[in-house]
Amino acid sequence: MTDTSAAAASTSAKPSVAILDVDLDEHARRIRKQDRIATIFLTVIVGFVLALLAALVIYILAQGLPEVLTPGFLTNSPLDRDNPGISYELFDSFYMLFVTLVISVPISLGAAIFLVEYAPENWVTSAASTAIETLSSLPSIVVGMFGSLFFVVYCGWGVSILSGAMALTMFNIPILVRVIQQALQDVPRVQRDASLAMGLTRWETTRSVLLPAAMPAIVTGIVISAGRVFGEAAALLFTSGAAPARLNFGSLDITSLRNPWNIFRQAETLAVHIYKLRMEPTPGNDAIAWGTAAVLIICVLLFNVGARMLGKHLAKKMTSE
Amino acid sequence: MTQKNDEEATQVPAEQSEAPQYENVLPDRMPRLSIKGEGKAEGGAVSKARLSKTHESRKTHKTLPKQQLEHVGLGLTGTCVALVALIVVALVFMVFQQGLTTFFSDGVDFGAFITGPHWIIEEGQFGALPLIVGSFSVTLLSTLFALPIALGSAIYVVEVQPGFGRHVFQPLVELLVGIPSVVYGLIGLYVVNSSMRALFGSAAGTGAGILSGAIVLAVMILPTVTTLSIDALAAVPNDYREGSYALGCTRWQTVWHVVLKSARPSIMTAVILGMTRAFGETLAVQFVIGNVEKSMPTSLLDPAATLTTALTSGLANATTGSVQYHALWSLGMLLLGMSLLFILIIHLIGRKGAKGND
Amino acid sequence: MSDVALMQKHWPHAEGAATKASATTKLPATLEAPATTKAPATTGAHLLSTRDVTVRYDLTKCALQPTSLDFDKDQVTALIGPSGCGKSTFLRCLNLMNREIPRCCVDGQIYYHGHNINTKEENLFDLRASIGMVFQQPAPFRKSIRENIIFAPKRHGRISSRSAADELVETSLRQAALWDEVKDKLDHSAWALSGGQQQRLCIARALAMKPDVILFDEPCSALDPVSTFAIEETIRSIAEHGICVVIVTHNMEQATRVSDRTAFFYVGEMVECGMTKQIFGAPKDQRLADYLTGRFG
């Protein structure tokens, strides 16, 4: 190209020559350099994110594992004067999760099936979808505040596991409904058509054809949502309480407020425990807080990894049997 | 399979003059079907009445009639949806009812509520401006910090190294999404606050402030915005990229001019969703923002409070039914209003994006 | 008239069964008189009849012009035509599957055993129990082979005992020419079968309901030639057993091999129908002639 411009310049300058006076080689070099710089820049960003992730996890484990591994941390009650542990909180977290799932999974399943299979295309469906969307974007403290008035006072359940589980259900339903809806819609359409074309109802089709096919994705979604629920604290502060009940694991009376299985008793989950420890500046609380955080994050990571492995396993079982 | 044709001509009822004469073929397997206009009864009842013996005799045991089964299914699932919708309505209703009581029964002026610079509810000062400013500043700042990193990672994962991205990066980032907010708060307390003190010395005070809050929130919403951006970029059809390469563009040019432009609505949605999460976050922020509600923050290093943190600290102490209690519900009302606004924005982006694609 | 002018003359604004421009060839006397597109005097003589059936998506886009066709038992009717011309849409009207598509509107009358089934009160479940359908992609359920076959009959209350179920499974698989290949693996997953076997399983599944009509929507388009041959044999034997078969196919040669009557669809309009020999040997409409000679596909 330089030849052309040089040749053009040597002749008498015409206005059109100026257009040719562009060095395409230089332009190409510049763009390629831009491309290289951009790639390096992006690699740095990704490296930063990965480093951040690693740093977070390592920091928590480094701070918390020593505490976790001291004997008695996981098994002593928090009310133990000499060596308080987190056994009650551990139990409460899992029990709360269990109750929440028992309530939220059937409701979410029903709602998702309705939205995918039965929903007529009118305002009812849009209203329902909007309601679920609203629920998903609410700050968790607003849900907790609502629960503290509605479930605790109006429903008369008091500060209890049930109130907390209901607040967590409200938190969990949008996540589950979206996951189940996606899983059902991912089943190839022809499966549904084949069942309907044999004279079966939508209900039978969903129950016997779609749900089994979507089961791996649904199970994965449920376990992942369990991880989110496990770490939730703001919604529980005022619904299930910030102090552990004095549990008596040997109690046989389900109505006693000390019976661990009684859902009308107050409870304190791991996440809430961390918050409370921070608010009370007693020496030694920091170490317990870090230990609790380490346990919390290990459980959440286990939920996430477990969900994926379970999903893969179920999917493989489905296609190879 | 042989056919036995028992032909028996049946008269069509007089009122159905438009249906032509038909021959009724009745071997052992022909179901009779409902006739149009035979009363306003629902199809199930009609066809049951008209079902010939022969069809019924093919059934060897009782099953629920299909129409009824369908109604059972519809009823069950519809109830679930109704339950969810009802509870959301109850929530919105209660928040507004309790929140508006502050202004209508307790005599607090709405204007003073929104613009008053002092939030000291024990003394009856209900100026929520410091909280509003606190909330918005941490939200906007954290989004500002998180967006370039999230977008950059997303571009790398989708455009530069898709294999690595799908098998390594994405699962790891999704793990990050699950870390509870209290844990972020705890880390922020130790790491971020001390960094602030180290960086800015005495100007940082205890290290808690808006900047610290923004940093913690940025780390918190980073995984969410990253995964959503990855989805947004991956959804751009490959044809767009190939067309651009065919014209001789480099990868970066393709990304900048073609892919990002095409994914813009989805990326904007991802950003808004990240902002929603940051705006509504309570416990992660509470540890690092300093919880100073009584006056307006003047700089990024000043301790402050957000709507959510003020709500949490206030609710622990307020007695039900008091003015203070209602004022906290008014804060909740503001939060709810902002969430609804965010949803509205997302819907508008979605609609504009769809129109743009036409 | 030139091709283009002919097409423009008959393009969608023609309502109902307009008479088509006659082809240039004369009919040999030995061929039977082809059926016209006008409705015959009685629909009762046919097992399945349609009169002026139209289909609209989103209430405005017309996917199928008024179409009137008759189908009889013991007969295989093929619906041919280029892509997107309404053949599958029409097929799906016959068992009211278009009702599963939101905002899809089917007008006109569809007579099955003399009754108009295109009404709001129609019991879809009973109807689809006697009009079966086989789809383009093989879609066996994620269950064992035996479970696939008795899935629908069980839920219609037709299976009283284990022996009745076994008998039904064997009968259906034999009719679909699949029994010998799978008789030892009835409890294995249906997803482990090959594509052709899966499609034959879907046919067996449809046969297990003992329908009088089976609709095939391009059943062989996803299969290899060997499976295609096996399925065509199955289709012919099904028809010989008294079932009315309607098959949509892209493949003209398949239509000549398998069907007794053929209808040609072009861009949402049923252009010509008649006995297969006449359609392929002496097409009356210029568009059909062009399609057959490969002027367009």
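Just so it is clear, A, B and C label the chains in written order, and each chain counts residues from 1 on its own.
Everything below uses one rule, namely that contacts are C-beta pairs under 8 Å (C-beta built on N, C-alpha and C of every residue); 3 or more make two chains touch, one makes a residue touch a chain.
Keep in mind the model is a prediction, meaning the values are calculated, not measured.
The chain with its CA mean position farthest from that of subunit C is A. Of all chains present, the one whose mean CA position sits nearest the global mean of protein CA atoms is B. Inter-chain contacts peak for the pair A-B, counting C-beta pairs in contact.
Subunit A and subunit C, compared by their mean Cα positions, are separated by 48 Å.
If you average the Cα atoms of subunit B and of subunit C, the two centres end up 44 Å apart.
Subunit A and subunit B have Cα centroids lying 13 Å from one another. Residue positions of subunit A touching 2 or more other chains: 199-201, 204.
Looking at subunit B, one finds that residues 66 touch two or more other chains. Residue positions of subunit C touching 2 or more other chains: 124-127, 129, 155-156.
Residues of subunit C touching subunit B in their complex: 42-45, 47, 73, 111-117, 119-127, 129-130, 155-160, 164, 210, 212, 241-242.
By the touch criterion given at the top, residues 121, 188, 190-191, 193-201, 204, 208-209, 212-213, 318-321 of subunit A touch subunit C in their complex. Note for the complex: subunit B touches subunit C at residues 1-3, 19-25, 29-36, 38, 41-44, 46-47, 51, 55, 58-63, 66-67. If you check the complex, the residues on subunit C that touch subunit A are 95, 97, 100, 102-103, 124-129, 132-133, 135-137, 139, 141-143, 151-152, 155-156, 188-189, 191-192, 202, 205-206, 209. Those residues of subunit A that touch subunit B in the complex are listed here as 31-32, 34-35, 38-39, 41-43, 45-46, 48-50, 52-53, 56, 59-60, 63, 106-111, 113-115, 117-118, 127-128, 130-135, 137-143, 145-146, 148-150, 153, 170, 173, 177, 199-204, 206, 224, 227-228, 230-234, 237-238, 271, 274-275, 278, 289-290, 293, 296-297, 300-301, 303-305, 308.
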